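In the two complexes below, chain A is the common chain; its partner is chain B in one and chain C in the other.
Coming up: the complex of A and B.
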């Protein structure tokens, strides 16, 4: 094609003009929500979550593990009000005096969706499979590491014997599967994804009745669920490409629930009467991790992290330069709380806060004094050098997928430069960042983890044993923290069965982590959600009153959701300004098209 | 009459000829209204980009010292509203022109350089060199540019240089084809044969005879490719494959999308960079097409 791409180029130019016009006003018309009065009552949830597997033994992603919560019952559940352990499959439990034997009494009269009874044998079989098969341990292996044996002496009793005391026995987040269905798959458990036959045999409040990858996941209410049948007949997870598409679907009534929203989206949905918003405390912490010097479990050092960061006083000095209040106000639009303790305030029992003397309150002068005292002197250009005269520059890494990272990196690099510490920022793909972190080749990196009602897992990430086996090997955590005091407290809390005493230990661990300034929590973002109040009458939050609808540790929201009684309302139309700009842009594009067409016609005639 | 004065007067004659043809070119170009419009837009955009540091202070583009609060609609103080950091969209859009135009130009020079080299070499040497080079060119022609550039940008370390390279090495194929055909035409003329007979080597023929003759075409092609490169830069940045900490039109759009400005209806963060991209790309296309029709005898009016 030697000389023809003119038309294509022109087309591209026009495409961009119209695309940018289209971007500004995606919702030109809004349709009324689907009629809910007749037929089955359906609750549609917008999602773009990936499904790695529908097998409860293999799934690790958020969406499938959440689906398993809805379709399979667990040994215990978490209370919707305050997340304490409540009966589910087990109605009661007791421990032996040496804390090693747990005896659970299993609920009577439960049935699988194919009519067979649910017994202690199903639970024992599931747990034993995870204990014996490494493939089956992919998803939930960490819960059974400490199990010596699991037995079902009769259909109503489950006995678990431990090798050492374990405080997380009422937080075993393991879906229990029907033995009679899964027995035939035990041999190829690593390859069976539980997606060959629908509906899937299960015993939760919902039954998974249909699934098409990247299109939808359909759940049907289980009429025989022991806690009561859900009020909606169907819950459908429908896939959308991105959060903008989800918000549009919500406005049109195509989807009934969207989470999470960005602050801008949340604000924009505020003036719609048919949409109810929820600002919930999040379960996630967002931190700036400082590389304290990468080491393996055996203490072998590797990676090229800045030697300056090995000094905790230096790490603390950096923290005084950072103003997390501004990050909450600007990046989160005010929807969050400035961070300090490792566990978010949603876990009221375990959340820890530093007192005023200990807190890293924004104070650049103090940061400068601390750096001066450490021998990092300012040069003529205002930038500091290391005690041996080398320029001091730290590399800050973030993920392109997490929008907060880009914004926060701009703030933090400016603050650190303000106290004379040079920063080079690199934003990279999630997978690539993980590689850089595993290799220990970073100085500062953004880090975020979702936490559970039981803090054991996130706390274990920061222990010496949480480091990799060999240099550069992948490991569970992403920091290289190894602190003797912290590890000692960690060992104590896991054997402490008294809730108050354990919380106290957990708080002291967070204090230790905070003093070391290893994983510096910048903030806890709110989870912003919205639903159609003309479709959903009410739902239970977890925890109450500041909790969220999704994702919950339990099935409470969809199980408790009641259909709205009011008639569906028509949604409002978009603003006049937007429409005006749209028209202007379209006219502009048309004018351009006209002008170039005329020009081209002339040239073509001459040719 | 010595050899030196002959050479000097030949050079003078050549320069006079060139000056005359430049003047003729300018006259012809000025007749095209679309071309002049494109040129005006480009001069404006380029001037704003170069002069930006004179009227936009570092504080106005800083995240920490941003003058406004984030995502505010247009007001008297911020005629185009504020972006996700609270910076004035006017400042961000003007500053964004710097990276967008720089990347556009550098990538274009790179791709034009590769294309011209490949085209002239292939046409001059013919034979197996031609076959091999043209098959490689065909391969780049059939491969979707965006996919290739995106793949390259995701493999190489994130940054502006990467984007330049990714665009540069993917966009040269059309130029190579174009230059090859023009070189073939030029080389079939008798004076090339005469030069060869007088002992001119490959290098002499290619640089002194062929290159000046394909130059006008290459120039026109350059302006056309710049618009493509600017669009591609914006696309790559929008896909998150550029350095998001640098202010360019593409990254501004990308940030706006990520903070949900699209569904929130915050049009003021989307339209300025979007329209700027469209306007500059269009202006380059208009200039390129005008230059093309002025320079190419086949398109020139027989008046």
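Coming up: the complex of A and C.
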């Protein structure tokens, strides 16, 4: 019988249905987390990040710099409990009486993954390359700006000579690479991305063994790691660009750890026994910056910031009108802490909190009294005018990419209007907002920075030297703070090698910023994360007990993670049966429908 | 009709063709040289214009790329100055344009700011996943759309026609990200008795080895994103095909064909459809040209490493060389496909030649 079109169509329908079923089956068989009792134990982490470069000299994004912490040992590490500096490549260190020479003793017996020994020469070579090549300084150049020389007089000794004392010497977040591998790339260091040969020769707890651009990064446990081999054989970072899809992957077991979650996602995962959640203190502060009058380093004024904000008493009055507790409850869904000090409470040693007398506790009446006293009188419409009779309206800016801004802006503008201060709100693209801020053309703007175990960098942003060179030129920070007392304390803390004394100075700096009401921290949001407790038995937070699993400043979470002892719940067989029945039903139904339709059409044709 | 997504072009109104002519088979003949030269010349001029305007188009984006790339990480002023110099941003605008024009006319798309690697290489890496996904979806949606459109027109007014058109329009109006997420919840995670059949995202499973296993793995990852794309875009083929076929339906030549005793299927397939194909071919070629620009929404939901998401990432910096390169490639593809369509029209329909 010749093959008519209808037979071809029937064949097509059946082929498509069969193909769908065939493609679906392998998934069903592995629908639950892969049975980890046999074969390599794999920990899959869902990440929303991406890699700009795998070269530790070029990488600037969070994901690759975090990966580098896992695969390369640094000179020192941060303790999982409280982030104080602990030995890593260096086992001990000492400083000269003039504070300018640091001598590190390098750990004995460490080996690169290709079997060659790790020596002080590797460290000296890495640091020297960053000091001499601007391309190599792309990622970590700021750490070596103050270095005069780095030398390795013998394989176990590293000597760093500084131009000025520098208290951050135990927080050098520079991955150290093997000289024998990288030497040949020194000339084209700006173009070499460390992604041509796998596994990458390294010496951390994990070895980067596989990489699919835009898809995943595969790490294998380093069996010879000096602190001990990680318990999971493999750690895989899989990219998820959508956070809802990421949560679905966790529910399904395709990913075993996800972070960060939105409050809604975090709440929704609460009733699942196989998932453990972690509400961690975050490293980020969220603030309302008040433009104190934009000036350059040399003091030249520019921009059109409101003159009212140049008065610290006026800025303080505004802060009394704002209720950060409500912002935490409404905008963060309760997942955060009301702000005060510049450094978040996760850094227990450096966090500063105002006492009750000094704190800007929500008090609109007090705000009104302070504004009255400054001469900003209320008119008949309840809105205030400046002492010289001009209407008082402040411009509040936020960025559309940060969801918090829109919601917070509506609360804050209402509160300020409540005390008679007019506010116009503008939400714009982050690039546009950066342009507005650089030009000094704002009054109030939302501002958020992530902080590090060592506070030096974020503190430096608020110094007089942190301002731009010329009016409108791009600069590191985004506020125009210049406070002599603050600068004096900043200069003291960077030369203070006693950690307790330095912490004290750092706290006084935060107090000074707080009193000036320049960068008013509204809250510190929590980092919300979740993992499959049927895959991961336990792992270490950093810091403890309120810290996070990802991203840590050390490698503790994945290094310490133990596979769950109870086998994951298997739903594979039932799933397969259901899928088989469903597929058979679909194919059958399609066939019947097709046959009846064709019969009817055939009858039409005959007529 | 309004759509909720910028991902899809509006359904073009089909051109109304004179319904003359018989049910001839397509016949190839030599194209007039002047016609070809005019079309090729026009395309070349468009491409050069695109290449030169790309520079200014993205220069007006707000934001400082150096600041965006280094934001939030400890950086020294020296590092910033070096980056600015490396990107050529310390030069006056005219000099920057000069450098750009010389480079681009030599076919050099430059070095990406954020990835510090060649733009051409980056685009090459992301091109295949995009063509794989969006190309497959375009072919499937065109095939499905044409078939449904032809059926609907042939039995217009029937229940089948109303249901088919209704379903196509409903899916067209659905937000892509919502549909994608729904598919993930139902077919990837599994809900109730439905098991999780397909992966939640990505293009492959880490550690898969062996040709057959890799092939099956790739196809499994393709199913849901492809299904989402087909569902939201096939309506334009349905509507275009249906409308242009309806135009042909009352034609005398079809009555003649039927009078000759031809089966209804043959009348439709060999006489009516070829005459109604032109508007659909236009839609198809426009869409093939747009294949490379990917689909940002679907690529995001399914974490697909394609050009659409690369473009989005480039926009947030703004990574100017990458944006310029992508813009040129996207525009170039559309220009090329329009050129092909222009060259194909006279072959498909001799009336266009005159």
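The criterion applied here is as follows: the second predicted complex is superposed on the first by the 538 of 607 C-alpha atoms of A that agree within 3 Å, B and C clash if a C-alpha of one lies under 4 Å from a C-alpha of the other, contacts with A are read in each partner's own complex, and residues count from 1 in each chain.
By our rule, a residue touches a chain if its C-beta (ideal position, glycine included) is under 8 Å from a C-beta of that chain, and two chains touch if they have at least 3 such contacts.
Note that the coordinates shown come from a computational prediction; the quantities given were computed from them, not determined experimentally.
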(request) Please indicate which partner A:261 is in contact with in the superposed arrangement: first for chain B, second for chain C, both, or neither. (result) first
(request) Have a look at where A:191 lands relative to chain B and chain C in the superposition and call it first, second, both or neither. (result) second
(request) Could you tell me if A:346 is touching chain B, chain C, both of them or neither one (first, second, both, neither)? (result) neither
(request) Applying the touch criterion given at the start, work out whether A:421 contacts chain B, chain C, both or neither, answering first, second, both or neither. (result) neither
(message) Quick check for you: in the superposed arrangement, does A:244 touch first (chain B), second (chain C), both or neither?
(response) both
(request) Based on the superposed arrangement, let me know which partner A:407 touches: chain B (first), chain C (second), both, or neither? (result) first
(request) Examine A:333 and indicate which partner it touches, taking first as chain B and second as chain C; both and neither are also allowed. (result) first
(request) Please indicate which partner A:216 is in contact with in the superposed arrangement: first for chain B, second for chain C, both, or neither. (result) second
(request) Touching chain B in one complex and chain C in the other: list those residues of chain A. (result) 5, 19-20, 23-24, 26-27, 242, 244, 248, 401, 428-429, 574-575, 578
(message) Touching residues of chain C toward chain A in the complex: what are they?
(response) 61-64, 66-70, 72-80, 82-83, 86, 114-117, 125-126, 129, 177, 181, 184-185, 188-190, 193-204, 206-207, 216-217, 219-220, 223, 263-265, 299-303, 305, 309, 313, 316, 318
(request) Note which residues of chain A are touching chain B in the complex, please. (result) 1-3, 5-6, 9-10, 12-13, 16-17, 19-21, 23-27, 242-244, 247-248, 261-265, 267-268, 326, 330, 333, 400-401, 403, 406-407, 409-411, 413-415, 418, 425-429, 574-575, 577-578, 581, 585, 588-589, 592, 595-596, 599, 603, 606-607
(request) Provide the residue numbers of chain B that touch chain A in the complex, in ascending order. (result) 34, 62-66, 70-71, 84-86, 141, 154, 157-158, 174, 177-178, 181, 224, 227-228, 231, 234, 240, 243-245, 253, 255, 257-267, 270-271, 274-275, 277-278, 281-282, 285-286, 289, 293, 298-301
(message) Which stretch or stretches of chain A touch chain C in the complex?
(response) 5, 19-20, 22-24, 26-28, 31, 42, 44, 50, 52-53, 58, 60, 65, 134-135, 137-138, 141-143, 145, 190-191, 193, 210, 212-216, 218, 234, 236, 238-242, 244-245, 248-249, 251-252, 254, 401, 428-432, 434-435, 438, 449-450, 452, 456-457, 474, 476, 571, 574-576, 578-579, 582, 604-605
